[in-house]
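Each of the next two complexes has chain A plus one more chain, namely chain B in the first and chain C in the second.
And then the complex of A and B:
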């Protein structure tokens, strides 16, 4: 099958997923409202921290806002398309992966469109903070307009890196079945840590966040170049390379992991 | 032509010992303690085109594991599967395109959407054009009586309806080979009959090769021309139903009513074992492998004047019970 028809199929499955969710309209609406409320409270938390402490270790309010916004938007992009990768445990425990494996398409392509959702609350929140940070820094003359398209680029590479981390973690589930606690470490904790400048952390931890769990490449490394002019344009190339390598490695690991799938008793 | 070739299939499940307490997931990951369970030990068989094979065995014998290995869901620990010349583990996507798979315990349809929507999606997935889809569905609708619940969401279907809908879904891309894991589980007599009729049509008229697992011996008796029995992960029998009966050698129950006087010979032939004799009715177990029916009748006539004879073949359930 050609990539174009895979894309066609992917679209159909997403549409199917949305239509399935719309069967439960009350739940759909309530879910959207709750998600937005959670996002607002999270934003208030961050705003409070920033307001209270102002600059952290030489990073200004706007710069930290930028770190936070890029991370939020990258995560949102990842979760919009790859939410079920994060919830693979459900499929492993219930053996629901069986059905996906009998379909004549890549398992990931069958898995990802399940329970597709548009995370409007996250997009608004992240977008708002991003605009606010960028406007602030442009106003002070720290950055120019070119940062805007580069930020979009960085959000995409960031989403790819987060997706790869999520996929690699999920793949471990083929051996352990349960992966929720592991996800707390590799996904939630790592991501939360990278919402602040990595210089805040002890050396071992910041290097961990740039190697084993490379969340630093989602927002921190790009910010060093885009906001503070450290390094050159090659930084962006490195970031893109890291994203591609992470993706390739995690896909390989995933393919290998599937041969270890145990399913469930009938 | 061989549709299924299975060679020395083995599957071991190695599960880490689950740790208790906090961070059990992470600790289990690094645990070196495993429990190994041999679900399938060493299974080889061939299925030719057009065969209807029943695959039976007690719970936990390895039936589902075998089916999942055959359909490419599980990778065997050792051994090889070929389906119509393709290896489902190396070319999964290409192979499953030629298979129909139905698991009685779970549906492959989209739970929240009307039945017909699932067919639209599957048609896209398998590249079935809308004309062909319509033609096939109208055939299935007739054979399986789908129309009454065409627009009902799958989650609201009865078990029997869901099973019929699932069967049609598995045949939409017209596969040559069909795997059915307990397709009649939990269904009432009517629904079972409906589904059997459909499967018989597929096998006899369309020449489809079918492998089915079941606990319902009527399924086997009415549909299959070959039975494979698995127990403790190994094939214990592979052949026709008739020869399965013979192998087990369960005796036929015979009840004879005599008219007038009955005189049993002093030395009874070894093939006849009298279990009861009251008034003039004799109940005996006869081994049909040693004696032909005519010989038995001749022998009985010597004992007295026969009024009526009733013979009962061993129940298939009993046969199976004996194999397990």
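And then the complex of A and C:
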């Protein structure tokens, strides 16, 4: 099959997934509102502290809001398309992956559209905080208009990096079957850590977040350049390169992991 | 005796997953570590009130460990699930009160989480941050009482959340709202006195401070035992609400699945 027809097939599968989701409209709307509520309570927690103390290690509330929003939106983009990669454990434990293996298409392409997740709550909340922090910083003259398109670019590269981390973690499931505990560390904890400036953490931890689990490249490194003018335009090129390398490496690891797959069945 | 058996079975069931839970503890400990780093960062430029940097680290360490006692309980005590499967009809037929039945099970769960989650996490923090343990026995005693009260309050709150699923079929939104309020009003991460005045006052009108803030303050030696009266008062109020709700729900049950 040609890549173009793969893409066509992918579109059809996504459309099916959306239609099945829309059978439960009330649940969908309620879920979206709640997701926004939870996310906002998390940000409020930090906003309250900053309101009280001013800045954390020289990072203002607007800057931390920016870190927070980029991370939320990148994660949202990743989970919209790759939610089932995150939930691979369900397929491994229940033996559902066997069904996907029998389909005449790459497993990842069959897996991802299983549940195309529309995350309006996160988009609203992340978008709101992003606009608010950008407006605040533009108002004070810290940044110019060019940051807006670059931010969109950074959200996409960030989503690719988060997807790669998620895929690599999920791949480990081919050996361990259970991956949820590991995901809490590589995905949730790492992502939460990068919502704050990495200078807060001891050296070993910040370097870990820039190498082994490169979440720092999702929002922190771009912010250093976009908000504070550290480095040059090459920073963006480096970030794009990191995203491509992460994606290529995790896809290779996934292909290798697939050859080690043993069905658990039930 | 029956209740003891229910509790010990819940405890024993969890023992099967000790290994996985230990990995999870590491992740949970990482979250607390991050929050502690945040306070260390803030403390570098600001005075942290009566706590000081070391005090805030102890505060975070204790709330993070206590979350497994008063924060992370079975969602709705498992009622939403049993409504969906129809199991609730059987549970209501049993010659045991639904509230005490579910509560006994949850106490087993909490006992397990205390031994295999709270204690290891707190011990880890004790080593990493070289925390000081309270020197006086009464501090530990009052803190233990406050935590037990917090666990009971949390059981009641989860019961109420669970029971609403009888009428709405979907109570996860209440569960999440509870979680959000806990973030803001229970003193998890930020001590209540540093909240904006109106939010602080609002928090004290709710049972949330008694879930984390009060036990932590007592443990750190900032309070004597007098706040325990508040815990007791809320325990009584919550118990009455739970009993009343059970009365109402016994009248008519609609089950979904089967």
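Operating definition for what follows: the second predicted complex is superposed on the first by the 249 of 266 C-alpha atoms of A that agree within 3 Å, B and C clash if a C-alpha of one lies under 4 Å from a C-alpha of the other, contacts with A are read in each partner's own complex, and residues count from 1 in each chain.
By definition in this document, a residue touches a chain if its C-beta (ideal position, glycine included) is under 8 Å from a C-beta of that chain, and two chains touch if they have at least 3 such contacts.
Just so it is clear, the model here is predicted, and its values are computed rather than measured.
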Applying the touch criterion given at the start, work out whether A:237 contacts chain B, chain C, both or neither, answering first, second, both or neither. neither
Which of the two partners, first being chain B and second being chain C, lies in contact with A:249: first, second, both, or neither? neither
When the two structures are overlaid on chain A, which partner does A:152 contact: first (chain B), second (chain C), both, or neither? neither
Regarding the shared-chain residue A:181, is it in contact with chain B (first), chain C (second), both, or neither? both
So, A:120: does it touch chain B (first), chain C (second), both, or neither? neither
Going by the contact rule set out at the top, does A:131 touch chain B (first), chain C (second), both, or neither? neither
Please indicate which partner A:196 is in contact with in the superposed arrangement: first for chain B, second for chain C, both, or neither. second
Pick one for A:23: touches chain B only (first), chain C only (second), both, or neither. first
Could you give the residue numbers on chain A that contact chain B in one complex and chain C in the other? 178, 181-182, 185
Any idea which chain B residues touch chain A in the complex? 13, 15-16, 23-26, 28-29, 60, 63-64, 68, 71-75, 89, 92-94, 96-97, 99, 101, 103, 105-106, 108, 110-113, 117, 121, 124-127, 153, 181-182
Can you check the complex and tell me which residues of chain A touch chain B? 1, 5, 8-9, 12-13, 16, 19-21, 23-24, 95-99, 101-106, 172, 175-176, 178-182, 185, 259-263, 265-266
Chain A contact footprint on chain C (complex, rising order): 20, 23-24, 26-28, 30-31, 34, 37-38, 40-42, 44-46, 170, 172-173, 176-177, 179-181, 183-184, 189-190, 194-196, 199
Chain C partner, complex, touching residues on chain A are 27, 30-31, 33-34, 37-38, 40-42, 44-46, 48-49, 51-57, 178, 181-182, 184-185, 188-189, 192-193, 196, 199-202, 205
